[in-house]
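Shared between the two complexes below is chain A, which has chain B as its partner in the first and chain C in the second.
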Partner chain A sequence: MNKYIKDKRGTDKILSIYWFVILTLIAGGVFAMVYVFYGAPYDVREIESEILAEKIADCISSKGIIDSEFFIDGTFNTKIGENFNEKCNFNFNVEEGYGDTNEVQYFYEVEFYTLEDLANPAFNFYNGNSNWEADCFIKKENDKEYVKLAKCTEKRFYALSGEGNQYLIKILSVIGKSEKNVK
Partner chain B sequence: MKKKGTILIENVVFIILNLLFLSVLVLFLVNQGSGAIVLEQTYAKQIAMLVDSAQPVMLIKIDMAKGKKLAEKNGIDFNNVVSISGNLVTVKLSEGKGYTYAFFNDVDAVPYPEEGMYIITINKKEEVVANE
Partner chain C sequence: MLNKKAQVGESITWVVATIIVIVLLLIFIYASILLSKTKSLESSKENSEYSFDWINSKTQIAYSINDSNKNKIEDWISKSNKDE
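For the complex of A and B:
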């Protein structure tokens, strides 16, 4: 019986050494996880592209009526795209850190469809860096490389022209900025 | 009796070491979560998103109590924590460049501090007319 008790005390000490080895391993794991978690930047591109799409929609129509500047003599004003950024107060300059040339990190496309032909747009225009558009049509898997692709938001709504014609308006907004949002 | 006392001390030391370990772990996690680099980025992106969704003649109030505490700890004047130049917002909570993020809404955004908060006024950008 005495011999058994002595053995038990020895086992207790070995157990506590084991315990601290386990704690050290847990600490290492926690440090590694925290480093990975806080080392990765917050990805706000999805929110940003949603805000951009909302702003564009607000700029196109108010209370369901398309802005009169979009039409000239009953047809679409083809020059609206040229000054749409100024009209909507968009500034696509970006801070340093996006490649050597600081290329534009935004893109948007607006398409107007008549209800008679929902396959081909009656009018469309786009602005920004069109290189980002292709990223929206790539099937995104949960892969590190795919995470770096641009974030896109598609918004659709119906609105009336001044003459009462109904249009389906599709907005595609895209945000690049992977350098500041993805590790 | 002597034997029992020895066992008790061993247990106490064991518990103290465990508690010490847990405290260090919790302190590490808290420090990481409120570190200058993380907070600078959080505030800069938060402000950029708020300005993006804002419209002229708006006032945005941002609670920056955590940021103020950290800035004071790092010897940075709270008045200089947030700066907006053009369409770039920079948040600086420690020595260094700070964190800069761009917003696309072309408005006149002016930040000013007020008791642990920052207030950002949003106004329409005025065309600067050069004096002839």
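For the complex of A and C:
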């Protein structure tokens, strides 16, 4: 009889240890789930590139008229690209520590077309890291495999110069930053 | 002998229960891995009926000044590099 009582005590102890092990397992599992889900970053590059394109468009034209700084004596001001960032209050030097080369994570290109020639731009300028541009022209048949490529947005709109000349404007904005947005 | 059978039976119950708990946990962890890969904020403009296209509004304002060659302009705007 005594032997059985001793055995029962042992079983209770083992059962307690078992419950602690199970509790630890479940707690670990819940921790792993939360860590995996909340540890993954949100990929906001697509929206970021759209916002960049819209800000560029705002800087180019207002109320349907292209900013007068884009023209000098009726022709395009070729130096507008050099100080476009300052003009639009763009500051791309806020991101640091990307990759081994600390490369700029942005690129944008603006092209102006006349109605006479819609294939070749009458004027264009660009800024940022042009290496990202190639990512825009890769056909992304399966998005999962191309998730680390830069996100691109192309916007087109119509505006007039101060003299009333019609121009078609194409903006390509590209955001790299895959290290921050994709795990 | 009979006591031993009961012990073995009870042990198997606990072993199976443990395996079920572990399998369930693994399923939930795998599901959270899949869910974490869907964390992407995309533009809602295409889907929302209340969307407002800021860039398109610029074109519309320009049309109010001069809308000659509207069809040609619309054709060009509707194209993208993918189509060209």
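Here is the rule we go by: the second predicted complex is superposed on the first by the 137 of 183 C-alpha atoms of A that agree within 3 Å, B and C clash if a C-alpha of one lies under 4 Å from a C-alpha of the other, contacts with A are read in each partner's own complex, and residues count from 1 in each chain.
One rule holds for everything that comes next: a residue touches a chain if its C-beta (ideal position, glycine included) is under 8 Å from a C-beta of that chain, and two chains touch if they have at least 3 such contacts.
Model, not experiment: these values are computed from the prediction.
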{"item": "Partner chain(s) touched by A:E154 [first = chain B, second = chain C, both, neither]", "value": "second"}
{"item": "Chain B versus chain C as contact partner of A:E54, first or second or both or neither", "value": "both"}
{"item": "Contacts of A:K63 with chain B and chain C, given as first, second, both or neither", "value": "second"}
{"item": "Which superposed partner A:N93 touches (first chain B, second chain C, both, neither)", "value": "first"}
{"item": "First (chain B), second (chain C), both or neither touched by A:L118", "value": "second"}
{"item": "Partner chain in contact with A:L23 - chain B first, chain C second, else both or neither", "value": "first"}
{"item": "First (chain B), second (chain C), both or neither touched by A:A40", "value": "second"}
{"item": "Chain B versus chain C, judged by how many residues of chain A each one touches", "value": "C"}
{"item": "Touching both chain C and chain B, counted on chain A across the two superposed complexes", "value": "34, 41-42, 44, 47, 54"}
{"item": "Contact footprint of chain A on chain C as seen in their complex", "value": "14, 18, 21-22, 25, 28-29, 32-33, 35-37, 39-43, 54-56, 58-59, 61-66, 68-69, 72-73, 76-77, 79-81"}
{"item": "For the chain A and chain C complex, residues of the former touching the latter", "value": "18, 22, 25-26, 29, 32-34, 36-37, 39-44, 46-47, 50, 53-54, 57, 61, 63-65, 113, 115, 118, 136-137, 144, 154-160, 164, 166, 168, 172, 183"}
{"item": "In the complex, chain A residues that touch chain B", "value": "12, 16, 19-20, 23, 27, 30-31, 34, 38, 41-42, 44, 47-48, 51-52, 54-55, 89-96, 105-106, 180"}
{"item": "Chain B to chain A touching residues, read off their complex", "value": "10, 14, 17-18, 21, 24-25, 28-29, 32-33, 35, 37-38, 41-42, 45, 48-49, 52-53, 86-88, 100-102, 104-107, 124-125"}
